[in-house]
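The chains carry the letters A, B, C, D and E, assigned in the order they are written, with residues numbered from 1 in each.
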Amino acid sequence: MNFFTMCVFGAAIGMAIGTLGTAIGQGMAVKSAVEGVARNPGAASKIMTTMMIGLAMIESLAIYALVVCLIILFANPYKDIALKMVETVAK
Amino acid sequence: MNFFTMCVFGAAIGMAIGTLGTAIGQGMAVKSAVEGVARNPGAASKIMTTMMIGLAMIESLAIYALVVCLIILFANPYKDIALKMVETVAK
Amino acid sequence: MNFFTMCVFGAAIGMAIGTLGTAIGQGMAVKSAVEGVARNPGAASKIMTTMMIGLAMIESLAIYALVVCLIILFANPYKDIALKMVETVAK
Amino acid sequence: MNFFTMCVFGAAIGMAIGTLGTAIGQGMAVKSAVEGVARNPGAASKIMTTMMIGLAMIESLAIYALVVCLIILFANPYKDIALKMVETVAK
Amino acid sequence: MNFFTMCVFGAAIGMAIGTLGTAIGQGMAVKSAVEGVARNPGAASKIMTTMMIGLAMIESLAIYALVVCLIILFANPYKDIALKMVETVAK
């Protein structure tokens, strides 16, 4: 498999695995927040604040993975080198 | 396997794995929300609000994966390069 | 394996893995809903509402995977390129 | 492996993995429904309604996978292309 | 697969797996923090402080993975060596 093929495949699989973990992490956080509101509705606003901060931190992890994927797709630093290699092979 | 083949395969598998995690995460959130409503029906509206915010955050992760897959399928930045490579090989 | 083979294989496996996660997620949600109705039948309608919203969100994830698979099968953006490649190889 | 081989293989494995998850999901739902009826037989009809709606949603996921597999087997959009490719190779 | 291909693939998969674990770890932390606020809302500010310190520590782990990925993409120490190797092979 050549360079550009693996760029695309890596971005697809990378974002997918990044989503896998962050979604399970956020699921655990929301799970407990909802249980907490059920047990103690009076503390709902405090629970919401805590949950939102936690979800934002986990969301940032997914955004790291998204950034790496978008760099690989749209700002790949090895693109020019790979192009030159292909050209020299083609000659 | 060539470039276009892996684009399609990557998009299919990428969206699939992205769905896997987000669905389990949302399942955990809904599970607890439903348990909470059963235990304390009076807090149903507060529980619903908390659940919806959490689900929306997790849904955003699945949308990241969907965006990467659609970029790979419809706005692939390496498409022209791959086409040129194929043409030079064909000559 | 050539392009069209992997399109079909990718769509089949992609939908399958997408179904795997969403089904387990929905299973967790329904499990708790049923337990909740058993414990507190008076709250059955509220539990049903919460469950339906959650299931709809998870169902949307499966539909993302389905959309990607159907695009790959019926609106594949690389189909023409792959056909041309095959023709040039055949010559 | 050629195109038609992978179609059949993909359909078989795809439906299998799709069944894997949906069966576990439905199993969790039915498990809890049965436990609920055992604990509180008076709520049996309400439990049944909740269970049926949940099972129907999970069943829909398996039907998505089934649809993709049947498309691959009986309405494969790449069938004609693959046939032509085989014929040109045979010449 | 050559050097530059594996650089890109390694960065994508590396960030993805790094995100997987840190997200689940943060999810567990937020889960307990939210439960704690629900049980004892008076201690919400102390719980928040503790959670933030913990999340920041876990976040640092994801940032390590991000740094390694960005070094591989933008400041790769073996880039020149790999380029020379390619050139000598090309001659």
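In this text, contacts are C-beta pairs under 8 Å (C-beta built on N, C-alpha and C of every residue); 3 or more make two chains touch, one makes a residue touch a chain.
To keep track of the chains, here are their UniProt names: A, B, C, D, E = ATP synthase subunit c 1.
Computed from a predicted structure; not experimentally measured.
Counting steps between touching chains, the shortest path from subunit B (ATP synthase subunit c 1) to subunit D (ATP synthase subunit c 1) takes 2. Taking each chain's centre as the mean of its C-alpha atoms, the one that lies farthest from the centre of subunit D (ATP synthase subunit c 1) is E.
A separation of 20 Å divides the Cα centre of subunit B (ATP synthase subunit c 1) from that of subunit E (ATP synthase subunit c 1). If you average the Cα atoms of subunit A (ATP synthase subunit c 1) and of subunit D (ATP synthase subunit c 1), the two centres end up 28 Å apart. Distance from the subunit B (ATP synthase subunit c 1) centre to the subunit C (ATP synthase subunit c 1) centre is 10 Å, each centre being the mean of its Cα atoms. Counting partner chains per residue, subunit D (ATP synthase subunit c 1) has no residue touching two or more of them. Viewed as a contact network, the protein chains form an open path, each link joining two chains that touch. If you check each pair of chains against the touch rule, the ones that pass are A-B, A-E, B-C, C-D.
Subunit B (ATP synthase subunit c 1) contributes residues 1-2, 4-9, 11-13, 15-17, 19-35, 37-39, 41, 44, 47-48, 51-52, 55, 59, 62, 66, 69, 73-74, 83, 86, 90 to its touches with subunit C (ATP synthase subunit c 1) in the complex.
Looking at the complex, you find that subunit A (ATP synthase subunit c 1) touches subunit E (ATP synthase subunit c 1) at residues 1-3, 6-7, 9-11, 13-18, 20-29, 31-33, 35-37, 39-40, 42-43, 46-47, 49-51, 53-55, 57-58, 60-62, 64-65, 68-69, 71-72, 76-78, 81-82, 85, 88-89.
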